[in-house]
Amino acid sequence: MTALPVAWFLALSGALLAVGIFGLLTRRNFILILIAVEIAMNATILNFVYFAAFATSGTGLSGQAIAVVLIGFAATEVAVGLAIVLGLNRLKGSINVAQANELKE
Amino acid sequence: MVGLFGTRLQKLEWGGWLAVGFAGAAMALGVTIAIGEMLNPGAYVNAQYTWLHLAASPGPFPNGLSLVAGTLVDPLSALMLLVVTVVGFLVMLYSIGYMHHDRGLPRYYAELSLFLAAMTGLVLSNNLLEFFLFWELVGVCSYFLIGFYYEKPSAASAAKEAFLVTRVGDVLFLLGIFIYFFHYATTGPNGGWAANGFVFTNGTTPFLPAGAIGSSTLLTIAGLLILGGAAGKSAQFPLHVWLPDAMEGPTTVSALIHAATMVAAGVYLLAVTSVFIGFTSTDQLAIVAIGGFTAFFAATMAVVHPDIKRVIAYSTISQLGYMVMAVGAGFAMVGLFHLFTHAFFKALLFLAAGSVIHAVGTQDLFKMGGLRKPMRVTAAAFAIGGLALAGIPPFAGFWSKDDILSAVYSQLGSHPLYWPFFLLAFAAVFLTAYYIFRAWFLAFSGDHPRDPSLPHAHEGPWVMQVPLVILSGMALIAGLFIFLPNFQGLLLHGDGVAGIPPVYGSTDLLLSGVSVGLGLAGIGLAYQLWGNGRVYVLPADSPWQSVRRLLLNRYYMKVAYDWIGLRAVYGISRGADFVDRYVIDGTVHGFERIFGSLSDRLRAMQSGVVSDYAAYVIAGLVGVFALLLLVAPYLLAHFGGT
Amino acid sequence: MDFTSFVGPFVPEILLLGGTLLIFLLDVLGLRRNEWLSTVAVTAVVLALLSVLGDLGFGPLSVLATLSPGQIDTLPAFGSAPLYHFTSLGLVFQAIFLLSALLVTLASASRPSDEPGAPIFYGLLLLATLGMLLVAVASDLIFLLLAIEVVSIPSYLLVGYRRRETRSMEAAMKFFIIGALSTVLSFYGASLLFGAYGTTNLFLIQADASTVGFPVLVLLGYGFLVAGLAFKVTLVPFHAWAVDVYDGAPSDVSAFLAGGTKKIGLFAFFLVFLGPVLLVNTAAAGQSPFGGGAVDLGPTLSITLGVLAVVTMTVGNVLALLQKEMKRMLAYSSISQAGYMLIGITIGTAPALTGATLQIFAHVLMKGGAFLVVAGVGALGIGPLIDDWKGFGVRRPLTGAAFALMLLSLAGVPLTVGFVSKFILFSAAVQAEGWFIWLAVAGLLNSALSVFYYARVLKVMYFDRPGPLETAEGTAAAASAPALGAGGLGYGRAVAIGLAAVLIVGVGLYPQPVVGAIQMAAQHFVSAGV
Amino acid sequence: MFPVLSTLLATLLVGTVLTFLSGKYARWTALLVSFAFLAEVGYLLMYFPGWPGLAGGVPQFADSESYAWIHLGWLQVNYTVGIDGISLVLIFLTAILQIATVVYSWEEQKKPAAWFGLLLLTCLGCVGVFVALDVLLFFLFWEAVLVPMFFIIGYWGGPRRRYAAIKFFVYTHVASIVMLVGLLALVFYSGATSFDYSSVFAAAPTLGVATQAFLFLSLFFGFGVKFPVVPFHTWLPDAHVEAPTGGSVLLAGLLLKLGGYGLIRWAVFVLPLGFHEVQPILFVIAFASIAWGSIVSLAQRDLKRLVAFSSINHMGIVLLAIALGSSLGLLAAVLLMFAHGVVSALLFMTAGSVHHTYGTRDIASIGGITPTTPTLSTMVMVGSLASLGLPWLISFPAEFTALLATWDGLAYWVLIPLGILVVTAAFYIWMMQRMLFGPPKGVPPTAHDLPWYETAGMGILAGAAILFGVLPFLLVNLITNSPIRGFAGL
């Protein structure tokens, strides 16, 4: 089996990361920001899975194991994020992050 | 050393008498010392204490450096001591009467006593530094006494002026001391001058081989600096401006400090320096030039002045010029002799003038007149003083002034450059006689005061008259002392320094005759213009008016000095203050402003919108990549691995 | 591996976990009085602290040691890739973390007994502390990052635990979003390193660092990690969240964040970057685009971190200069202090690590203590602005003196621990020679700059007279405040502030015991590797 | 050996604490502490064994003590103290000023406990600087002085006290920081085995000339701001004008001396090669300070500002004397520091008394105060005359020696300080003319002469000014009991 060339693969995961970051920067809706974070996180997870194929040392955590752990972690993070969304929505009646700018300077 | 007279006891009612008592005791001691010196001339060094000591160290003082204070009695100091203590005592006595209306007498007597103590110390100093210490102390006493009537702004201002002008001289003097100290640091026995406290003399022989000291540039400069110091103290051109203004002080102070003693300290300094250290020939020419010029220059200003005290003050400057010239020409003792006689007749003139002022309450000659009748003693005393000043034999001034003129004359052959100054001094003889008798006629002749509002004049109390009488006697006979063998010995002994020329004796009769003739001519002119209550008024269209204005305005030198002081220096100072506040401190505040505005701008980036913060994070990420991939490799490549 | 030797080392963590569980249990049982909950929390933290100190061999406390000497500072067997590993420097950090938790829990004991949300507060606090302790023993990149998340996630919630306060919730939102972004960046960096080295174990990465095959990948990986971790440490320009969060969070939580959790980022920096930074002159990362041979990974990272440190301290200080609100000023000052601490890892020598660690220790006391004071005086009618503190030092001499002491210590004035730490840190920079002296110069000039705003606060506290309005408001607020002991601060808070103040002066006067221990640990850390 | 220097420091430390605690009896405590301190200084003076000289080229110190403080291997800091003539004379100055200040401010009404406590604390810091023989200990005391002075200016000061306090604190702190960099570099670049003075001294010659010069400059920046030298002086007038009288006294009398002391002890002696390199810079700065301080003084209307600028002038002479690098110059510098300490303190006291007697310090708006307040007027005269270098008062021997040394080192350049002496005289004399003399002006009807405690405070200083002016050898013999003796010069 011929492995996908590293550069190609990195371009893919990099693009995924860029999409996530772009979304995070441009969206004002908290929920959309959460989704953008998840997209970026997936770039990381993808990386681990891909690089696991190259890992020869065989000691320590394997890439696949890390990927699984990260998927679980991402879920936790989203849960906490949603809790904050709820709190914010209840107080401000909006989940637009740009409107929460009471604290500044 | 003659002690400090218990200056702090003066708070008591009888403080004045106490001060007089101490002054009397000092006089007795001083006279005793002087007589002792006359009987057995020589240099006596008494106990000294080390003021500052530095152990041997590399550099200019390989054998260590000592600065000491001690006493030295030699013919010079004996003569001065005599003057200081006698005139001091008489003035103190006179003060009892003259000053009894004034407030602040304890202060007056304390300061006067301190002055006498300091003056005595100065006279007895055995090295230049100690000399300087007392020199400054008499200066500050003079400052306080000129400003005795401190409520008067003019008095306070005159005191300031006196202090500052003499300060200029002091600074030059100090530098002169430095040069001598360093130049001669290792000269002489016992490890050199520096290790021995720079004392003038080591027992019986002077420490430095004074006399012909060649023509070293450095020493010439040192000599000129010493001359500068002396000029400040003795009010020689161009540092003379303070002395006429110093007449703001009580007349007694003028008599003692600004006629007899302190102002003579400059001459004394020159004399001491010329005897123990020596001047180069350039210095000598400079001293003669300053002295001769000042003698004439000051006399011209006295010619027109309406203030009785200032006329005498200008005369003092002029007479000091003679002394300076004598010392400069190499005749230290001749100069001191004139100092000796001058002290008496000038003190006499001042005290007499004081008596007049005390009686009529003004110093303006044109308001006075006809005072001869109510004030016979004073009028006689003033006349005696005036004759002495004018150099009419047999009064004291004749002998000493004539001595100076003939001494300088004797040098003209070898020093042709002295000629112009000699002639100036000679011309001043005429002016001197004229102005002093102008003053006498204005004040005493005639029938009544020209200003009718003046109070009825009367003679002062006995304590004022006694000193007048004594001083009149001295003004008569002091010049004749020269014929006493012991006194002459004092003048001739010269501390074992070779080359002190003989004093009186080589009289050139022609010279004396011319000088006396000039004096008489001056008196005659004065009588012609001012005698018998006449008042000479220069026609308004006379071409001499401009000269008169120039003289009355003191050649505009005071204006110029005031301009320098008030406009130039103060202006610079205001400018500097401005720069300090707004440029230097402004720079400091500039930093504050820069950081402040930076802070404001940076805080404006803290917008409160979380997306902006995320953008900063991404920008930071890019920045980190730039650092890692571009900046750091660049730095490492160009500045090495460290 | 028998059970005791496996569990033994984790006694502090277990104590904290137990405390957390007990608190949640009490919550469930409805026993929500603040006194009880705080007692549990304080007890757990104190016991954990004693245990850590015991492991460090701190005097008579060593009888409490649960680690056998062989378990500390020993390199793992060749080829093995442990997830965690005990170093004495890690234990020192554990002690520091526990100290910050102790101060906060002690101070919180002064709250009203019916404080809403108390169980959540204490529970999350202990949980976050547990995460911090785990950070200190990590030896695997993923373990480390997950441990950091164990701290972060409770922190987000701690900031927003007062659910009725808009400002807190806004702070929590900002904290969360930037935190999530940073997490992504960190993990992405870790994934790139995993790609380059084939492992996430820090020992193995360090061992392989010189023989790596993908130079750009390594640099990119470290770049992402720097950015991700910089969030926790609040390096400029990753700092912007911190000010708003410290400001919006309840002040006790701010104390915990500024004094405690940001330090885990620094220890993470130590763990991740010490190995590479020390790789001086070891060709590692391929051709330099500027010629001059291979890029040296060590110096490259060192320069990057150095620049970040200088930028951070400078910008933080400049931002603080004209700040009008007390908490935000403290927050900006906290940012600039992070710059100083980063100097330690930039240099990477044992002295530098000693200095940085001491600076971290000092910061817990100074900044943590200051936030505790700020939290306490709110009840005394002191508003959020610096100008609200007019005359405070004169009216409340003791509290004022303690606060002034903390500010002076932050400014690096002698006889305080803040001075000693900066002194040692900058000494180390000078001692390291080379360009590092410029770090010392920059740091010192910055500390001079910082004096300006600390002095301004002192001026307000001591020299300005309170206006009538402030006096009246203060009196009213003080009257309506719940009657607490210790001059309205409450005893727990007073003890916490006092403890901080005493330690500031005590260690400032005689730092030898503390510095000696830290230096020993730092030496092991540098020589033994992670 | 009995740890006499530690006792000295402990006296002040314990005294400070007691004073803080003793409420309205603080002044008595402070006085007691001051006397105890003076007694200890007297003991030191009486049993001063003399300077032990050099051992292996390194200066030794009397009464020295050393205890380990922070030992980290690469960083060996000790608590090391010791004295020689230079420090002893300055400690003596501290003792005099301390008593005078405590007595002068006897009736301080505003938080007296804190006031007297901070006064003692300031003195403690200064004494610490004078005895410290360890880089860190030195710096520690150096900085510790700032804090009490900051509070003294800021709490008890005049209308712009807040601004002045912060300016003082920040400005001098910045300078100290630069100095600290220099000190650290000195220790580590020279490879000194510890922070002790002796080990730094012994190791410093290994540094190259360029390094020494660079280090010297960085140290000089720290000391120079404290001096202060032009152009880093602008904190001083503000601090002085706004500081309360006692603060000004300690500021001018003691704090400025720290700069001179530090420069001699830690820069000139330790880095002779660097010193030699930067000598021209020092000369330029010294001349600038001398001229600038004096000329700007002339334009001042505020009495305190005038004295402040005259301090810049005098400290400029100190710097000049130090910069000469000769045995004589150093002697003059220390002597002048002592003199200036006494005289400027006296002048600031008079300025304070003028202010609260007449309600203003504006020279132009009061005049003829002598009849109303003769004692005050006398003190102004004594202070001014002493300050302008009148013989028989304390400044003269110092200035004379300084100028003598200047002639030795720089020949005709001495004309600058000499000429400036006239300007100095001018502004003092002019001030006296305007303020003391002339017709009374701006004299409130309630004005009366000084209370006893102010007279006593000034009297102590005036007495010292006269005593040591007449008998300067008392000080000189002490000062030369130090590395100044036989200092090889440059």
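Points worth noting:
Chains: A, B, C and D, in written order; residue numbering restarts at 1 for each.
Simple rule for what comes next: a contact is a pair of C-beta atoms (placed from the backbone, for glycine too) under 8 Å apart; a residue touches a chain by one contact, two chains touch by 3 or more.
The model shown is predicted, which means the values in this text are computed figures rather than measured ones.
Relative to the centroid of every protein C-alpha atom shown, the closest chain centre, again from C-alpha atoms, is found for D. Our note on geometry: chain B versus chain C, Cα centroid distance of 76 Å, whole angstroms.
Chain D has its Cα centroid 36 Å from the Cα centroid of chain B. Averaging C-alpha coordinates per chain places the centre of chain A 26 Å away from that of chain C.
In this assembly, the C-alpha centroid of chain C lies 42 Å from the C-alpha centroid of chain D.
Shown for chain C are the residues that touch two or more other chains, namely 173-174, 177, 181, 243-244, 433, 452.
For chain A, the set of residues that touch two or more other chains comprises 21, 24, 97, 100-105. In chain D, no position touches at least two other chains. Contacting chain pairs (ordered by label): A-B, A-C, B-C, B-D, C-D.
If you check the complex, the residues on chain B that touch chain D are 49-55, 57-61, 65, 129, 132-134, 136-137, 140, 143, 147, 150-153, 155-157, 159-160, 163-164, 167-168, 171, 174-175, 178-179, 181-182, 565, 569-570, 572-574, 576-577, 580, 584-585, 587-588. Put simply, chain D touches chain B in their complex at residues 167, 171, 230-231, 233-235, 292, 295-300, 326-328, 331, 368, 370-371, 385, 390-392, 396-397, 400-401, 403-404, 407-408, 414-415, 418-419, 421-423, 425-426, 429-430, 432-433, 436-440, 472-473, 476-477, 480, 485-489. Residues of chain D touching chain C in their complex: 68-75, 111, 136, 139-141, 143-144, 146-147, 150-151, 154-155, 161-162, 165-166, 169-170, 173-174, 177-178, 180-181, 184-185, 187-189. Those residues of chain C whose C-beta lies close enough to touch chain B in the complex are 173-174, 177-178, 181-182, 185, 216, 219-220, 222-224, 226-227, 230-231, 235-238, 240-241, 243-244, 280-281, 288-292, 295-296, 299-301, 303-304, 307-308, 315, 318-323, 433-435, 449, 452.
For chain B in complex with chain C, the residues that touch the partner chain are 595-596, 598-600, 602-603, 605-606, 608, 610, 612-614, 616-617, 619-621, 623-625, 627-639, 641-642.
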